[in-house]
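Two complexes follow with chain A in common, the first pairing it with chain B and the second with chain C.
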Partner chain A sequence: MFEAIAFYLFAFLTISMFYIVVTTQQALYALTALAAGMIFISAFFFILGADFLGAVQIIVYTGAVMALYAFGMMFFDTTRDVKEKQGNKFIIVGLSTLSAVLVVLIVSAPIVSDNIVALYPVVDGIGNTQEVGVVLFTKYLIPFEVAAVMLLVAMVAGIVLAGKKMDLSLTLMNDAEIRELNEEKNKKELS
Partner chain B sequence: MEIGLSHYLVLSTILFAIGLVGVMKRKNLLLLFFSTEILLNSVNIAFAAISHYYGDLTGQMFAFFVIAIAASEVAVGLGLLIVWHKRHNNIDLDTMSSMKG
Partner chain C sequence: MDSAYLIETIIKVVVILLVFSALAGIGTYFERKILAFMQRRLGPMYVGPFGVLQFGADAIKLFTKEDIIPTGVVARIFKIAPVITAATAFMAAAAIPFLPEFEIFGYTVHPIVSDINVGILYILGVMAIGLYGPLLGGMASANKYSLISAARAAAVFISYEVVSGLAILAPIMMVGSLSLIDFNEYQLSNGWLVWSQPVAFVLFWIAAFAETGRTPFHLIANDHELIDGFGTEYSGMRWGLFFIGEYANMFFISFVIPLLFLGGFGDGSVLGAFALLGKMAFFFFFFLWTRAAWPDVRPDQLMWLCWKVLMPIAVINVVITGIVMM
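Let's look at the complex of A and B:
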């Protein structure tokens, strides 16, 4: 009973938050709605008994990814309204729904057959975190290491890409220097 | 009323459709990234639900790797976006046609 109430409540909240993300004209509203939706999604993980996954969802998504987006948005002009593509709305909605149903059919096709055996079955009496740790560090050790290398590559790429000309600070320069910088920039664009 | 696997799959479908609408509709590249986050999260819900209803941990493992990939995608994508914004002063998709012949 409580599970049903929680499921419908959080389903409603998640859908409305993500609807705001894709329809709003303000980038800041989209960011905050997305952060709220991420936290509501972690509630589903807690209902499903995947406690560690829920904690990781909160820490990584709302802690790291959203903070990264918030820092990134300082570079962009977010006060301006976001312009939208003017296309046929029925085609967009129809195509999206069709492809989403197709994805679910693909995902749920193996479920229809009955001969599914759990590869790494859940054992009673052991916490979810312990189980996840044992399976991750025995059966999925190589994917885990590869994911670690991938995160390192992504970190280096992020620093190299975003860190260019970070030593220039517009707030510490005086007006003459800023004018000179702009003239140089204009000259480069004209040539 | 019992909540079954199909409930979670339907919810995942709805969220995936919302994300797809966002990907097709958005012009601003930052909001396009937000829509891809929605897509990844809807798939994570389906993974966790299947993992729970079949008593198998493989679904949760996949969800962890999806989260790791999403984090690295954001780091690289945001870096590229900042470089583009510094050079062209906007992040609209329609202006990114420099490879048009």
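Let's look at the complex of A and C:
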């Protein structure tokens, strides 16, 4: 009974949070609601007994991704309402049709799920952290490695793009050197 | 899931909430007194004997002050931000075993709200969400100092999460579990982790200072350059909630460090329980001690320390631990 109550509570909360994200005109409301929605999603993992994925959901989506969004938002005035351009009216029609189809699919999903067999059933006595690790390093090793390579590429690209004056560290300079640097900069700007 | 379990959990939650809210208040008294003695002052001394009732007076002041919502702020976010700080601090406490299990009237009590398998991961994750308090408070305040403070909060939290996560990885590899109870059992049979993982211990300790925003890394609300940072526009109990959140976080991290590295509550006897409380008190005292003894670092020095010093050391530590374990 507790599981059912928790499921319906968090389902309601998640949907209402994401509804706020798409309808609000206030960027901070959208940010907060999106972060809250991500946390509420982790509740489903906890209800299903997947503690590890639940904690990872909180850490990765709420702790890291959303914080980066927020960091990006520092560059404009978040206390003002965002005026969205009203684009093509047909988009609304298309999206509502699509969501209607989705609702039908979701409702009919149990028919499909009756035929699904778990390939890696839960083993008693092993925590699900270990289970995630075993599956990741056996069946899904290649996607895992591909993801690792892609992340490496992204990291190298990020360093190349951002690291123009990386060898210059104000921390390691003394005051005289910093003053010299500033004077050089001033000279360039004056000339 | 029976109703006895439910009632027990609710009682535990209420007890933890009350004890640590009160401790957060008393913590401010300790902080002011210890700082005063270290700086050859007297500290609070008028309200009650030795000023011990000062925190009560402060609480009355905070509760009865007018709750001002300035014009120009995003009111709802502005109101909810302090609650996030306090709530996440207490949510993290759900996976911390505060004492060994004990028996009372023939009923065994586990002083941990929920012993989930991923305890330490959950604690670190939820504490990291505490970032949203300063972040949203600063961004909703319509104040430039608050905004700078919010930016710093985001930078510091994201950076030092990496350090604490990598530092804790090496002990996790040795223990093979993420539950704090398992950490305690492991150290009971194999000796304290601080002897086998001294580097991880120091790194985690440093990261704890950054994640609670205490003095060497107190850039989020640095008084002399940012007024009160994200708290500038706040008044009354909303500001007080930020305070309770910060102090509760300090207490909880002071519990987590000994549980992870210094043997926790040992064999679970009364002596072990008091030893855990003693270790906790030492780490809390150390937070205050550094505040009295050290100046703040600059923001660029903080980032330099994180990414160019602490993170490489943490990675090397993980690699060496892996090689030794093979």
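The definition used in the following text is that the second predicted complex is superposed on the first by the 120 of 191 C-alpha atoms of A that agree within 3 Å, B and C clash if a C-alpha of one lies under 4 Å from a C-alpha of the other, contacts with A are read in each partner's own complex, and residues count from 1 in each chain.
Assume a contact is a pair of C-beta atoms (placed from the backbone, for glycine too) under 8 Å apart; a residue touches a chain by one contact, two chains touch by 3 or more.
Fair warning: this is a prediction, and the values are worked out from it, not measured in the lab.
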| item | value |
| --- | --- |
| Which superposed partner A:73 touches (first chain B, second chain C, both, neither) | both |
| Contacts of A:32 with chain B and chain C, given as first, second, both or neither | second |
| Touching partner for A:4 - first (chain B), second (chain C), both, neither | first |
| Chain B versus chain C as contact partner of A:101, first or second or both or neither | first |
| Which of chain B and chain C A:64 touches, first, second, both or neither | both |
| Touching partner for A:43 - first (chain B), second (chain C), both, neither | neither |
| Which superposed partner A:129 touches (first chain B, second chain C, both, neither) | second |
| Dominant contact partner of chain A by residue count, chain C or chain B | B |
| Shared chain A contacts, counted only where both chain B and chain C touch the same residue | 31, 52, 56, 64, 68, 73 |
| Chain B to chain A touching residues, read off their complex | 1-3, 5, 7-22, 24-28, 30-31, 33-35, 37-38, 41, 44-46, 48-52, 54-58, 60-61, 63-65, 67-76, 78-83, 85-86, 91-93 |
| Complex interface listing, chain C residues touching chain A | 1, 72-74, 76-77, 80, 116-118, 121-122, 124-126, 128-129, 131-132, 135-136, 139-140, 142, 147, 150-151, 154-155, 157-158, 161, 177-178, 298, 300-301, 304 |
| Parts of chain A lying in touch with chain C, wherever the complex brings them together | 2, 26, 28-29, 31-32, 35, 39, 46, 51-52, 54-56, 58-59, 62-64, 67-68, 70-71, 73-74, 78-79, 127-129, 169-172 |
| Residues of chain A defined as touching chain B within the complex | 1, 3-4, 7, 11, 14-15, 18-19, 21-22, 27, 30-31, 34, 37-38, 41, 44-45, 48-50, 52-53, 56-57, 60-61, 64-65, 68-69, 72-73, 75-76, 82-85, 87, 92-93, 95-97, 99-101, 103-104, 107-108, 111, 116, 118-122, 131-132, 135-136, 140, 143, 147, 150-151, 153-155, 157-162, 164-165 |
